[in-house]
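Structures follow.
Shared between the two complexes below is subunit A, which has subunit B as its partner in the first and subunit C in the second.
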Partner chain A sequence: MIRVDTFATDSFGDYDLRPGKPLPFGATLVPGGVNFSVYSSHAKYCELVLFNKHEFEPFAVIPFPDSYRIGNVFTMVVFDLDFESIEYGFRMDGPFNFQEGHWFNKEKFLMDPYAKACGGRDIWGVEPDWSNPYQFRSRIIMDDFDWEGDKPLEIPMRDLIIYEMHVRGFTKHASAKVKYPGTFAAMREKIPYLKELGINCAELMPIYEFDEFENSRISEASGERLMNYWGYSTVGFFAPKAGYAASGKYSMQVDEVKTLVKELHKSGIEVILDVVFNHTAEGNEKGPYISFRGIDNKTYYMLTPEGYYFNFSGCGNTLNCNNPVVRSMILDCLRYWASEYHIDGFRFDLATILGRNQDGSPMHNPPLLETLAFDPVLGKVKLIAEAWDAGGLYQVGSFPSWGRWAEWNGKYRDNVRKFIKGETGQVAGLVQSIQGSPDLYDSYYRGTCASINFVTCHDGFTLMDLVSYDGKHNEANGEGNSDGSNDNDSWNCGWEGETDDHYVNRLREKQIKNALSILLISHGVPMILSGDEFGNTQYGNNNAYCQDNEISWLDWDQLKKNIEIFNFVKRVVAFRKAHTILKSRDYAIDDRPGESGYPEISWHGTKAWQADFSADSRCIAVMFCGKSLSNTEKDDLIYIAINSHWEAHEFELLGLPAGLSWHVFANTDMPSPEDIFDLGDEKLLAIQSAITVGARSLVILKAK
Partner chain B sequence: MEIKTYLKEKATVICLEGNLDGLTAEYAQENLMNYVIPNCAIVIDMTDCHYVSSAGLRVLLMTAKQLAKIGGVGVFSGLTEEVKDVMEMTGFSSIFESYNSVDDAVAAIRKE
Partner chain C sequence: MESLMTIELAGNILNVTLGGKLDAVRAPELMEELKKMSGQKLEKIIFYTAELEYISSAGLRAIIFAKQKIGLDSEIFFVGAQEAVLDVINMSGLDNFLTILDKV
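Let's look at the complex of A and B:
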């Protein structure tokens, strides 16, 4: 049956047209043509510009007839376009008045805010022709895809083990030995590795289209070109980063990403995207026209009464997240990625900005955050906030959640770092962190699943560097080592940087095992920084946002060198997965005695039942007791003794019910292979009444 | 795009010559579908097809799906390196078995 709206009603030059549909926004394939739709409440005039791929001048300029405009939406169907080989954009005209917030300029080519793919940075690092007046170019995609029955995995939060990674850095190094280094396709090649490690969720640093050449410069210190390597500066919210796709040069990045998600899902690995809605790549008042500024500056950005950009992001502008139109765009965007790409969750960069009013003030019930929490399409996706912003709003523990939002727990990071470093007065903080930070997350309203636990993340030292450097070494960033955080709670173990000293290296290995063990036995959701599982270093750089080189790229040769660390980490991951009582709980910790006579969580010191919370204490032990989901017959009993003191201490052990005895699963003081055992092969402890925990070491025992 | 067909043993060899893209996808699809009949055996010879776009990949995938549905056999021959790469990068490489030459492809079909 042929639809009646497949016929043109008008023509303009060589092009047949008809009035379009205002929704959905963006460019949509319709029978015989393409439906274009773009919102602007302040533009008086809009024209569609069509380019051949890469060309500087449009081959067609088609004004949206006044009669085609519905409300504040310009919409039109253009027939018979070779949609795969064109790039489109808009030019708009309207008031130009700085104080009023209007920036219309009818000369500027503007990218569609809803562009599903973006041309202009098709191959990573190929310098663009800066004389091209249209740098970021909307493209039209085919959105059908053979998902083969795939859907988001909906792994419960309590079972999640997140692996934070950079798509390019993961495989760009020659040692990765992949066919298409630094791409989504290459990540697909590495799925067996991720499975072996045992993580079940890959959190990708920004993959929305961004400009790696933003603020690009040559470092005076290193002579290297500095780039926007991390990508926390969005150009297109709906478009995957073409330069991360091996097929980006063919404009097939959409299929490449979807295939990656499908294959990860087949291996039981979810995908969380790190999304940046707090600002855009258009920067401050001196920034370029890419899209929003020329389409409706006053709607899309938070402006001071004088017309300047508020800068709560620290990046020049702030997206006007609680303007109803912008709110809808963010919702449309997340729905799109959840439904069209089967994305399992989102981590929101500088998320407190999403809770700011249009004048910048924090809101009590931010409509955007509430909308996302209750949206039907997003009903099962993970929502994770980085609960602070550059404007000084810090909401760790108090981010508006409606029982849906989790948070990066910065306090967990600080507590664990300070403790393993051996600082005094850290036992009480560590105890909170291990049991899911009930000091931050009320067990009734939020539960331990609200806490995303981490010791390291992309922002800061890698774990190897945390135990190898007292101070940051960011000279290569070209800012005289003034950038990056000074509050790292790091300790170099006796020598600043790389060394051949066996004692120092041994201690570093031990500290890495200590940190990741604590992370993986803590209630809450653990997040591992990619590469930490094999001691990846950034040579002391704790702010490698601009380093598209060996500083940032994972060196897979380190996996061979530090195989002992990797073997340790993958076993602790497996141990967590096998023991329900180590995972986060979405109910309150029950301190009544269980079947074995022990509480679910109990705290001990070098003497059983006598945890020492005094300032000088560096010893703490925890026993978890309870049933596994897979074994409801009897309780699991797991005892973990942690000693951050530089001397060994003997820990008195708890007596066990008849028929059970303590077995060693891990002891970070022991050299490999005695440092850890396979599940089921835990080694019987010769003396059952006490165990010596070595200096700066941790022991995990299991009763069986 | 030019499409040539001939019979080789019991297989219909369909040669796609030129670019398989948004401009030619519909034409190619209509032609291919003519040969997708129950118990058919087709060799899609790609020796002279040097570019396959997103739309082109979908034509090939739809052909494979249709063959599976009605009970026919399809294989590729002569995929160029570039086309192979595109299929591999985007995850379309498992559409059909692929053989270096038409002879190899026909021999493989003979064994089935």
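Let's look at the complex of A and C:
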């Protein structure tokens, strides 16, 4: 069956053309040619610029005939293009009027916002030719892929254990011993490690194409070249970063990412992408033309009445997320990744910007967030918001959610850090945090799964550094240590930085175990920063966004050195997975009241039933009781006592129903191998009436 | 760069020799030739790739096509492949149905 619309109807120079279809946007392979489609509310003219890959100058420029235009969409089919060997872009013309917000410039080369792959940064760190006016080119990809029956895993939110990772940093260090360091392909080699650790969700820091050379400079302090290493500055929303792909130089990054997702899924690990819709890499008035500025500045950016760029992101511009056109672009983008890459969820950077109106004011019912919450293609993806921005809009606990959005719970982080540090007056906060923060997230209407619990993330100290440094040490960033947060709630355990002192190092290991234990027994959804499970350090740098070197690359030699911590963490992960009562309640399916007469959650102090909330109290204990999905015959009873005081305390234990006795699963005061046991090998407590919890320690007990 | 391609059926073994480039320009031709084999019960499909200097996304898909369309129950071999070609296959991960050999 040959379609009647697969032959040329016109020509321009050597090129055969016909009217294109507006949908889908971007470049699509059609029989005999490529369908190009790009929209702009205000452009008057658009031309297609074609290159052979890597060549400096274009080989053809073809105007979009106005007779082909549908509405505000420029579209055409160009025949006989070798789609694998070409790159393309656009040039548009229209008004230039600063106050009106129009920045059309017919000289400027523009990347297709819907480019499925980008050319120009094929290999990480290879210095581009700065004289080239065509820095970022769009490429055409084959979107077919053999998924072998894969689909998004749809792991219930409450079962998730999230692991935040940086694609390059995860395997770039020589100690990672992988074939293609710093790439998607290398991550596949580490899947057995991820399985051993037991996490079931990899949250990848930005993988959309970005420019690692943005703001690149030589650090005055260290002499090193600083890069845009974290990537929170999007160039191509529909394109995976070529420089993160081993096969990027062969333009196979799309396949490489899809293969990674497929392999992670086979191992029961979901993939969440960290996405940055709050701003673009085009910066402020002084920034470059990459794409949106020249395609439709007024539509895509939040502008002041005078025509300047609002800067709620702290990065120069703010994407105009609740403009209907931009909303559609964002929806198209997320639908694309969810359906074409089988992505399981998205974490939105500086997400409160997505709830701002076109004039910057916060909205009660932001159309964009509502659209994403109810879209059918996104119907089962995880939606996670970093519920603050750089413009002062802080919405932790109040992010417009429609019951779908979860939030990074910054209060959880602060409560746990302050408690384990030994600060006074922290018991009440910790109690809320361990229960899934019902003070922030109504346990019925939002559910405690709205709380993404974390103690560390890419912003700030690693966990080892949280317990090794009182203050930040970002001198290598070349900003006089003025960048990065000062509110770290960290404590160096007696010495600033690295030390041979055995006592200090033991205490640091203990504090790490304490922090991750609390994280993994709390209701809500835990997130672990990659490397924390083996004490990875950034040498006190709490803002390593620009450090493409040993500071931020994971040092896998630490895994050997800190194997005790790793063995501890993986067992606590397994413990959480085995006990439903440690996870958030799912009102739809849970019916788990226990028979032993104890409430689902109860709080205790050194005396049973008497939690001490006074300012000087540094002791708290929680008991979880109920039926686990895996064990419906008897009650699961788990008791955790946490002591952040510098002296040991005895905790009175609750009496148990006949046939059950308290067993120790973990005790952070004990050295390995007595610090934790395998599931099923918990050790019977000789004395059942009380347990001494050592200084700055916690114990996890299970009734058997 | 000469792009040679020969296909020869020897009993129930299909021998395909590839040289030069296998990309979006050459891949459709390979797929057309492979289509002619559909219906044959093949024990093996052997791609002789010592002279193959370059394989692209489209080229790999022609190989996957061979597996899916005519070789579902066959073993697929890549023999004598150059390092650049092996690299592409390993990195992209499109290799889990291939057996890579230095020689037969």
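Following the convention adopted for this analysis, the second predicted complex is superposed on the first by the 695 of 704 C-alpha atoms of A that agree within 3 Å, B and C clash if a C-alpha of one lies under 4 Å from a C-alpha of the other, contacts with A are read in each partner's own complex, and residues count from 1 in each chain.
Keep this in mind: a residue touches a chain if its C-beta (ideal position, glycine included) is under 8 Å from a C-beta of that chain, and two chains touch if they have at least 3 such contacts.
None of these values were measured; they are calculated from a predicted model.
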| item | value |
| --- | --- |
| Partners on subunit A (subunit B, subunit C) - clash or fit | clash |
| Touching partner for A:Glu263 - first (subunit B), second (subunit C), both, neither | both |
| Partner chain(s) touched by A:Lys683 [first = subunit B, second = subunit C, both, neither] | neither |
| Which superposed partner A:Ile141 touches (first subunit B, second subunit C, both, neither) | both |
| Which superposed partner A:Glu84 touches (first subunit B, second subunit C, both, neither) | both |
| Which of subunit B and subunit C A:Lys44 touches, first, second, both or neither | neither |
| Subunit A positions touched by subunit B in one structure and by subunit C in the second | 82-85, 141-142, 144, 146, 179-180, 183, 185, 188, 245-247, 250-252, 254-256, 259-260, 262-263 |
| Subunit B-touching residues of subunit A, taken from the complex the two chains share | 82-85, 141-142, 144, 146, 179-180, 183, 185, 188, 245-247, 250-252, 254-256, 258-260, 262-263 |
| Parts of subunit C lying in touch with subunit A, wherever the complex brings them together | 23-25, 56-58, 60-61, 64, 68, 87-88, 90-94 |
| Residues of subunit A that touch subunit C when the two form their complex | 82-85, 141-142, 144, 146, 179-180, 183, 185, 188, 245-247, 250-252, 254-256, 259-260, 262-263 |
| Interface residues, subunit B side, partner subunit A - complex | 21-23, 53-55, 57-58, 61, 65, 85-86, 88-92 |
